[in-house]
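Order of writing sets the chain letters: A, B and C. Residues in each chain are counted from 1.
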């Protein structure tokens, strides 16, 4: 019984297709202006991979910020439930999930069944999100994907405020223009550090239980994952494809829904 | 400016050990008990008279990461209270045997909430009720509340707080107040012998050591200053007012830009020592103590605000203040709310105000430096024109 | 600062809008209680406008000042916090008013409701209060903003000092403070308090308290015969009219409707979730409350900090002492001012009584004292009741701080969690 989960994020749209519980197709695409068009495109790509047609799908569940615009989905679920379900399938031992996406960061406490025990989102501040990292990359004149590797060369973390994105930006500028300038790697490590302090602070408010996983687009940044570990003083697992966790969770929910019908 | 007075060096040695300073350590090693207080509306004399060392709980003298504290007090309690909690959670206040808080402001009572519910192994956590008025009826209530606090201390530590011990404590603490007054009098000079940053260091030490030892240091310091030719110069004379402030570097940052801070309206400064306990009028020493604490130089929590404003205005005249720096910790509601009204009254008297909204513990950040520079330049321009 | 000059153009406009809302409601009636609510809000503001035109005295009074004293002396009341917020909400003036407050030097971290009030009063956009009485039962900002209002109008004021606890000593002090307040009102109005009338007013208020307790019990039924809107209406009615016959009218209608539904064993909309709401919800978005109930089947069955009354001991012969006790029994007065254990026990007990499956804590970002209760309340609900608490960051008045859509998104995720738990 093939089913699909679609995660329409503010920057990327992700699709996972499950057939009898196995992943048979997946895709990640830049979100289109119209959520529905983008979702359709991403779904087509994943269907092609799976060698299936739209009509083969029994259930489609949409999640993410743009989920309500996906009219061909039978059900909409918030990312919260989908992230929990998704990580529970990939890494069943995970009890704390830290998801850092383009415009949000969320910490979720998960029980054995993949249900949400508790959760907390970022507090109206850009400094703990992918968008912040992107603007910092622009400031550093470095392609975003290279930031992680570069930061691993750091000798120390340059001081960057974790209090507020605006302060952080000012500090990064002053590091760049300092004579002699602070080493690039140190500044980036500092940027990652400032984000990590903020997100780990969020996690502490609901309590952190091992094992811990890091997901979302920003999880692909190895340097960021490392500072999260340093701040938590605990090991953090990053799944192979950290972006598709919510889509996978949506597909799992689609599967369960199908079972009910 | 010539050499640092020897007594000031000794004071610095005490402060260097904060929060568990050497004198506190020695006190504990002798088997003594230590009880913390945070708010100046908690009468220290009563604690001292119990044979217990009262110390003031503060945050550190620099900005801390407050993530652990945020898990309890959320992110919008003033950072002074959160810094106190952060240090507690970091186990830096583990040497305490008790904590006497006061329901003086929301932050203060909420910190006590966390202490009661989440901090283990402490024999006494007590919250003192303090009226917001100074009417005779309010005094009566406050006296009875202080009596209850005394009783709680006696029960928790199995001691008797005698009237005699309280009278002794009054003398001891009044002596401190008289000496700090003398020290501040020297700051009225054109070229005071100490900087504003140093004054803050000196008052800080009062919170961190037994009072008799502190008084000795103050005596030494005053003697030294009287004999020395030490002179501090500054182009403009400033007053610092506002929320709790323990960080001398913050004042030093402003002074490095060419100003001299000659007095303050801080609970870590004048509002700590300004008024003395009346040793003559009242038969009951506890009443004498209580009346002083409620009548003392008011915090912005008190109503009406006019008394505090009048006292600040009087102080600006006494110390020939040219500008006021309002140091307002974010979410310090009483000070933030009063600031526009106080500013208006000061400006009417020709005194300019620089408001700095910041986090507790910050020091010489670039932004503060830039704003202080601009403020001082503006004051100098004003002088040139007048 | 004495800067305010009265300019009632906006206030008049707000009254017009309230009037058309009321008329619209009459044409498309929902419930009797709903109708009474809109009528009372309109009449309150009309009375102010009328008094201002006739040159009658107006008393500015802050949160948690017992309405009974003003009512017993027939003084026209202008609620400082609610009056300003209501007008700003009706006219959508947040940005302008908050910018004005900023211009006055009000730090942006200060309570947005009190900044709203400072902005409105400093501009003279409400009828000029001839004198001001205020209290600090809820928070620090109440203490200070009352002073600010007194200062901008250059009006005489009385601050009612509420002690931290309700020990006998402290209650006696509070009762004396209430006596001082009466003396102040007498001096300002030149009228004497009619103590027999006050006794009658307090007795009436006690009757209303009984009805409010009944409502509390009715809400706990399964399914709960309650409208989610009651949460917001209750807050406004209690603050503007608590202790007056108008409040009795409103609560009586609410209770009767609930009884009716209870007799039929139904709730206004099919009930899927039973949710506790903690602290003041976003007043700019009643829509969210309605949506929760109508679209999502989530009934707000308990409201421990806004509607859960503690026991109030009336002493008919001692009206001031009785009023002092009332302030400590009133939901806000009980949970917000004293030690946090009271708020925790109110939430826990309420969750047990109402069989709530989860709680939503409205974390107003400029309300430090309210947010500082989150941890212990959340822990209490988790450990003693076994239910999760959702924390929603937001602003009570200003929709730009956290938009409605984001609030709804969070609630939706939380309801999925609750569904999962079933």
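As a working rule, a contact is a pair of C-beta atoms (placed from the backbone, for glycine too) under 8 Å apart; a residue touches a chain by one contact, two chains touch by 3 or more.
If you're wondering where the values come from, they're calculated on a predicted model, not measured in any experiment.
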Item to complete: Draw the chains as points, connect those that touch, then say whether the picture is a line, ring, star, complete or other.
Response: complete
Worksheet entry | Pair joined by the larger number of C-beta contacts - A-B, B-C | B-C
Worksheet entry | Centroid spacing, where centroids are CA-atom means, of subunit A and subunit C in whole angstrom | 40
Worksheet item: How many angstrom lie between the CA centroids of subunit A and subunit B, rounded to a whole number?
Response: 47
Discussion item. With centres defined as the mean C-alpha position, give me the subunit B-subunit C separation in Å.
Written reply: 36
Practice prompt. Give the residues of subunit C that touch two or more other chains, as numbers and ranges in rising order.
Written response: 365, 375
Response to the item:
subunit B residues touching 2+ other chains are 71, 75
Item to complete: For subunit A, write out the residues touching at least two other chains, lowest number first.
Response: 123, 205
Fill in: Residues of subunit B defined as touching subunit C within the complex
71-78, 103, 105-107, 109-110, 112-114, 116-117, 127, 129-133, 135, 137-138, 140-141, 144-145, 300-301, 303-305, 328, 330-331, 333-334, 336-341, 343-344, 355, 357
Response to the item:
Note: in the complex, subunit C contacts subunit A through residues 365, 375, 388, 391, 393, 401-402, 409-410, 412-414, 416-417, 420-421
Item to complete: Could you please specify the touching residues of subunit A with respect to subunit B in the complex?
Response: 123, 162-163, 174, 197, 200-201, 204-205
Worksheet item: Can you name the residues of subunit A that touch subunit C in the complex?
Response: 65, 77-81, 115-121, 123-124, 205
Discussion item. Quick check: in the complex, which residue numbers of subunit C touch subunit B?
Written reply: 1, 104-107, 109-111, 114, 136, 139-141, 143-145, 147-148, 151, 157, 159, 161, 163-165, 169-170, 173, 176-177, 180, 339-341, 363, 365-369, 371-376
